[in-house]
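The chains carry the letters A, B, C and D, assigned in the order they are written, with residues numbered from 1 in each.
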Amino acid sequence: MEPIETHWLEENPGTADILIEGLPGIGHVGKLVAEHMIQELQAKKIAELYSIHFPPQVIIESDGVARLARNEVYLSGGEKRIAFLVGDYQSASPDGHYLLSEAYLDIAERLGVREIYTLGGYGVGHLVSGPRVLSAVNREDLRARVEAAGGEFNRDEPPGGILGASGLLLALSLRRGMDGVCLMGETSGYLVDPRAASSLLAVLSPLLGVEVDKSQLETRAAEMEQVIAKLAESERAGDEEALRYIG
Amino acid sequence: MEPIETHWLEENPGTADILIEGLPGIGHVGKLVAEHMIQELQAKKIAELYSIHFPPQVIIESDGVARLARNEVYLSGGEKRIAFLVGDYQSASPDGHYLLSEAYLDIAERLGVREIYTLGGYGVGHLVSGPRVLSAVNREDLRARVEAAGGEFNRDEPPGGILGASGLLLALSLRRGMDGVCLMGETSGYLVDPRAASSLLAVLSPLLGVEVDKSQLETRAAEMEQVIAKLAESERAGDEEALRYIG
Amino acid sequence: MEPIETHWLEENPGTADILIEGLPGIGHVGKLVAEHMIQELQAKKIAELYSIHFPPQVIIESDGVARLARNEVYLSGGEKRIAFLVGDYQSASPDGHYLLSEAYLDIAERLGVREIYTLGGYGVGHLVSGPRVLSAVNREDLRARVEAAGGEFNRDEPPGGILGASGLLLALSLRRGMDGVCLMGETSGYLVDPRAASSLLAVLSPLLGVEVDKSQLETRAAEMEQVIAKLAESERAGDEEALRYIG
Amino acid sequence: MEPIETHWLEENPGTADILIEGLPGIGHVGKLVAEHMIQELQAKKIAELYSIHFPPQVIIESDGVARLARNEVYLSGGEKRIAFLVGDYQSASPDGHYLLSEAYLDIAERLGVREIYTLGGYGVGHLVSGPRVLSAVNREDLRARVEAAGGEFNRDEPPGGILGASGLLLALSLRRGMDGVCLMGETSGYLVDPRAASSLLAVLSPLLGVEVDKSQLETRAAEMEQVIAKLAESERAGDEEALRYIG
């Protein structure tokens, strides 16, 4: 096994203008959005990426078949061809993040990508109603478009910058002449957060000029909020059974 | 010293159809089964593997002689030739797990192995009576055989996938055209668990088509359970002396 | 991306006799001094250094533009040409510190530097009034000059030696025939400390033979001390609101 | 700077039959013995070893001069030529321990060494009066000689094997045809322990056939024991001042 391996599923994978990164991260916000879009736009898997920089762990599929941890690239059909980078893990080591991000950009370059959207969560440590979508860009002139779509720019948010692939792809894509936008859905950071994902998609959708049905994300968000409401009630009532049900 | 060194003890180590991996892990379940089989089948050591990816630690043998940490390959005689991978440690670093697993498969390939069984424990955090044997495979069509032998497949068990060599060998062996089955004996995760090992062996034995006397494992399991029962009794009686005896 | 990349902003960056290192560290004392001097001496950026040994994180500038973590080299004009090494991070791995320090010295060598001052903080775990400036040199005959300027040498201070770039540059510069002086402003270690920075600058300034206006550092130090005084008062009064304001 | 650098101080460093390793470790027992012997036998420094595998830290000498962390090799004069390996640190990474140990053995081989003694502490977690000297060898036939000198061999002591250079040098030296003996002075593990060092020297001395005056180690041990006795008394009396004096 090579340190990083990209396996193309077809010889001619096609082309894409846009790459959307939704790897696992805070509240799985980016992952939820990217996987939702893959489903809604019926995108097709075109590549798999394996690496010794991922955690040394295999995934068991629902049929009991184990496979190596991997990231995957999907390509949507239709008028606007969009590639998606999703997967199981980010790097297990600091320098692996840099090496993997360059490998992701090699894929983007081969597809002809000129614009990258990296999606993530912005953890604030408390439950959020009406989550904002914090933003960053890799060139100042991209900012107005993002703001027009509802993305916010606030000095010192997030305070420590952006960690992992969402950050590195944003910065490293500039070196390859690509535009880069990072959208971060505000979230507690404690739970998988479809509400933040829905808010993020509301900003991403006009930026892409692509309509995406959000009803499924909305349904999951409503379900989640009911569970949280019940949890809060149970806590007040000291009902340990319900707590167990959530945990 | 090379990063990974395989030392063959003979020029012609022979051949094997099957490799059984039983490296240290949760409850040492896989290790107990593999070492028990090595003894019962009078397998002979044919190779040693040394690596800077192991912890920087030496083992002191009972005669006071220190030696490098290592893994070992044994080969059973008899009709069905089975190779066993056992040893002191797994990798000390995430990427080392990948590199070592490939080295194990190089050994398997040289022996002509076509089928790999990786053995481990599945830690559930509480004492288990009648431990199940959770399973995973590297090809869907292997599943029926494993289920017929008593191996269970349950969605989301283990929830995080399989860590270390047991997982990576399962997935990476597919790349070399080998069949792979992982068996995980349900165990508390707190203690070395010969009861889980015995349950695992009850599933493994028919899969291999090899009878293995389990009486020694059963004896150890019974002893262990007596110690645990005494411990529980002492706890109730607040008898600290007995606690010390166990700890 | 190369493991370490130095990007010169001009083909002929000029020359410098002196390099001052003020990377992030304890109390950000070195960083405060170096950044203050860059501003006061109107130094110009001449190089940027990128590395996979930095944390996998991007910085968001005040205009919302993200960029890779980096270190930067500035060059002052005027009679005495001084280069400054400042930036976002030190290495994320132990061996990266060595590799990055050698890269910094490659830059110093190209500029013709013959004297290096590494600046840092010396954390003592409690608030300090009238902070001392602890010192170390890379050749015994440099010591008298440092003491004459107010730098102190005390056996076993700091007790564990000097960590990171401030230490390694001091020792490694000797191999390239450069003089090396490390100045460490005494500080609590809990807060960014402009008072320690001002004390350090009072020692550094005569060593360089360069006058630097300290009023801005003094103002920041006075502000900081007012905040700390209020905090102490609030603690006595049990005023939790004020504590939140500080934290 | 190379990953590992050996700097010989003279072109012809001479030869040695024996290498004694006393790098920092539990209770600094090995370090105390080796440094004591260097002083008593008036050994001369013949080599320095630098490495990016050491912690990224410099040492400040008593004259205020900083130098890179390093290990050092000394050579005693007299009839029996003995080399000593001492220094500031062991490796900062697991694989670095292996790489550095091989570099130490390269040095040993160049000196013609045929016998290695690695010295360390065996931490038992409580104060020890009359510390034993646990032992390990790299060939079974060395054991009788060690036992005759007072070294003990007990199954499962130390229970986890031997960590770091003391263990790896013992095992790796066998590959180069050298005899290897590890001596571990029993110690609490909480304090630098000259008493354990003195006990260890009492075993090492007849093995080497070299008389070494232990009075200095004995004096330090007696002083240490007085301090500990005072500490125990103060604890009983609840005298916090004395506790501060020790800590």
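The criterion applied here is as follows: a residue touches a chain if its C-beta (ideal position, glycine included) is under 8 Å from a C-beta of that chain, and two chains touch if they have at least 3 such contacts.
Computed from a prediction, not measured in an experiment: that's the story for all the values here.
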| item | value |
| --- | --- |
| Chain-contact steps, minimal, separating chain D from chain A | 2 |
| Chain whose average C-alpha position is farthest from chain C's own | B |
| Separation of chain A from chain B, taking each centre as the mean of its C-alpha atoms, in whole Å | 37 |
| Between chain C and chain B, distance of the C-alpha-averaged centres to the nearest whole Å | 52 |
| For chain B, residues contacting two or more additional chains | none |
| Contact graph of the chains (line, ring, star, complete, other) | ring |
| Every chain pair in contact, whichever chains are involved | A-B, A-C, B-D, C-D |
| Residues on chain C engaged by chain D in the complex (per definition of touch) | 91, 94-95, 97-99, 101-102, 135-140, 143, 153, 155, 158, 160-164, 167-168, 170-172, 175, 180, 182 |
| Interfacial residue positions of chain C with respect to chain A in the complex | 1, 3, 52-53, 55-60, 62-69, 92-93 |
